[in-house]
Amino acid sequence: MIRLSRKYRFSASHRLYSPALSEERNRAIYGKCANPYGHGHDYEVEVTVAGRVDAVTGRSVSLAALDALVNGEIVEPFRYKNLNEEVPAFQMAVPTTENLAVEAARRLRAKWQIVFGADGPQFENIRIWETERNICEVSGREFQTNES
Amino acid sequence: MIRLSRKYRFSASHRLYSPALSEERNRAIYGKCANPYGHGHDYEVEVTVAGRVDAVTGRSVSLAALDALVNGEIVEPFRYKNLNEEVPAFQMAVPTTENLAVEAARRLRAKWQIVFGADGPQFENIRIWETERNICEVSGREFQTNES
Amino acid sequence: MIRLSRKYRFSASHRLYSPALSEERNRAIYGKCANPYGHGHDYEVEVTVAGRVDAVTGRSVSLAALDALVNGEIVEPFRYKNLNEEVPAFQMAVPTTENLAVEAARRLRAKWQIVFGADGPQFENIRIWETERNICEVSGREFQTNES
Amino acid sequence: MIRLSRKYRFSASHRLYSPALSEERNRAIYGKCANPYGHGHDYEVEVTVAGRVDAVTGRSVSLAALDALVNGEIVEPFRYKNLNEEVPAFQMAVPTTENLAVEAARRLRAKWQIVFGADGPQFENIRIWETERNICEVSGREFQTNES
Amino acid sequence: MIRLSRKYRFSASHRLYSPALSEERNRAIYGKCANPYGHGHDYEVEVTVAGRVDAVTGRSVSLAALDALVNGEIVEPFRYKNLNEEVPAFQMAVPTTENLAVEAARRLRAKWQIVFGADGPQFENIRIWETERNICEVSGREFQTNES
Amino acid sequence: MIRLSRKYRFSASHRLYSPALSEERNRAIYGKCANPYGHGHDYEVEVTVAGRVDAVTGRSVSLAALDALVNGEIVEPFRYKNLNEEVPAFQMAVPTTENLAVEAARRLRAKWQIVFGADGPQFENIRIWETERNICEVSGREFQTNES
């Protein structure tokens, strides 16, 4: 078993603000990230796959299939978007790094077996860098277990 | 004469769209950056100062004064802001990397001599990274010449 | 459960030299790092927290509390210091990357439950980069287990 | 127990092409990486060691011994080489990132106990960056278990 | 006048060896880079353009046109190639960082005015990183002067 | 004419403090960098050479000669040293980034023509990164003019 990781990027904007909280609480929790017009980041996404190395191809996963999945489910839907306004999941949840990683993991998990099959490479985890100093990791496996 | 450079950072959002152009032209020039809700970046700013090294302090510029100037004129006013909506200069100009660098240079130039005096260190240039692959540089000196 | 990591920085100096060893052994183990006047590094610190995402705030940990803890226990006490001379723990232990990470983990562990409570986010691990090529990781959990 | 990681580098060239597959399949799996003359990368290698910190030296592993092992088994044999033509393992296996990491792990594992002894620091894992966006990790421990 | 820079990447392989020199001289000048099978790098290319900012678009150059030019003349012809065998210019010249930068500048210069016109943005310079520690810069303007 | 740059590294410690100034002034100018025991950095040095590309070798400068010069004059004398205590120049001048760059340039200039000859590649400039956010550049040429 080896782990293969691949990194992707997208730029997006967001606002960290919860309508369920007072202005004061929003400011205390999110600081300037609660500013009404939002701001943005250049997000990095790392998807890690666990698998066996195919004896003929030397590959543990089809990179073309992985790229298509991640681009289709994460990069294209989030890229150059205002996450609060244009991504349905963030109309109900604040687009913190945590919720962004949870939503990205949920999207990959929902399509993983359709793309790779039950015996194929497994979705190990996803890591999202909001900035180079703020990183969130969600386990791909843990999620599958939790919901079954 | 030596050149001292110092780097700063801020996150902001913007939309690249000109009301003076058709939808089709906006899309052709700015691509997905014209999306209506905007997106964002983690900008890097490098300010370069030319000066002589003081024999006693070994400094060519007061870093405290330089930091106060750049934070006051650029980092604080742009940080966590939507540049189109919250920075007056970008109500009339599209916040491309070029215009952002021109505006940042204009702001430093306007206050430079007040802070550093006529014989002090000179504002050599400013460079702004919109992403690590898109960089714009404006000369601090050239601007002074052009306007006088 | 998600993992949130946050990075911090400090510059410090140190000397790798053990008075319990001969000059020859010191030189063999630490090389030029045993030079009598010491040298320095720009250290990077990454603290990883495991927790559940709060449904309202979208946060797994209070970033303000985490920053206050890490700055108070690690960044401020080590920053711009000579580790051998100015940090008590390194009067008895050589300030290698390993001992630095062990001491930093010990400091966070000692205050963790006071700050975050028994049911709050957990201290997963800490990683310290002495240089971009030398990294040491200590588990936050393992430590808690070992001492109880 | 702590984990110490150390990074190394080498430049090499390779061609991703399997003689067991048709031209069409090679192109589908490897894309332009199947070009007949090969291409190259600046590989990064991170070796992670798990061990206990020695009370006197503050070290968990002899860095001199680790450097000698990794340089002798990986950096020197792969550096400035055409992996397909000059490294025996890649005459039978395609030098993908996966196979490169598996071969590098096999080489370290084969010599590990000779160098560090049965009670010494353990080979935890190895990570190879083919580019900054393609990373493969192989567990050092898992390999030892599998073969015994 | 502002300067806009844009970065591109390609992976390629090369061998530093001159048939006009003895084996001994080749080894003395190029070291292990003279190994017969070649090796490779992940090259970075930065193209800098000098121009005026358009009052309506806020752009100093059409990024679509610049990307098409650089991708067509440099990235595509060099990417995943063995520079010695597959790029005509390097059948007569050793593909050092210097010659690679000179050839890349020559290619951009040859098409620049066709793409951007005589009054458009100017080709200021090109920088190529062979590795993050070896960089070569060639002036776009100087070249135009030399040949006219 | 092309410009070739090469990067080097060294770790060192220093204290920013001038005995010619009061404690209060030292604290005002250098902040925590005036702490009595000093602190340290991982310095990066970039030396840029201007020259013509040799038609046979494709090189503008002997990298072996350049490396020997920079290692002998800068890296080895400064590496793992306390700059204030162990480098003579900094017994009279505060080891700020500015003075460090001026001293490094002076050292290269003093030996340049002996190594490269009067018609050989020229010392264009040197840049020193104290941290990734503090950079100082000194012109190699300007210095030669000033002293003759």
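We just call them A, B, C, D, E and F in the order they show up, numbering each chain from 1.
Operating definition for what follows: a contact is a pair of C-beta atoms (placed from the backbone, for glycine too) under 8 Å apart; a residue touches a chain by one contact, two chains touch by 3 or more.
Because the structure is a prediction, the values reported are computed rather than measured.
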Any chain that touches subunit F and subunit C: none
Where subunit B and subunit D overlap in contact partners, by chain label: A, E
Same or different contact residues where subunit B meets its copy subunit A, judged by the half mark: same
Most distant chain from subunit B, judged by the mean position of its C-alpha atoms: D
Of C-D and D-E, pair with higher C-beta contact tally: D-E
Averaged-CA centre spacing for the pair subunit E and subunit C, given as whole angstrom: 44
Centre-of-Cα separation between subunit E and subunit B, whole angstrom: 28
Two or more partner chains touched - positions in subunit B: none
Chain-to-chain touches, reported pairwise for every pair that qualifies: A-B, A-C, A-D, B-E, B-F, C-D, C-F, D-E, E-F
Sites on subunit D touched by subunit C in the complex: 1-8, 46, 53, 55-60, 62, 64
Residue ranges of subunit F touching subunit B (in the complex, touch as defined): 16, 18, 20-21, 28-29, 31, 93-99, 101-102, 132-139, 142
Subunit A contact footprint on subunit B (complex, rising order): 11-14, 32-33, 35, 37-42, 79-82, 85-86, 131
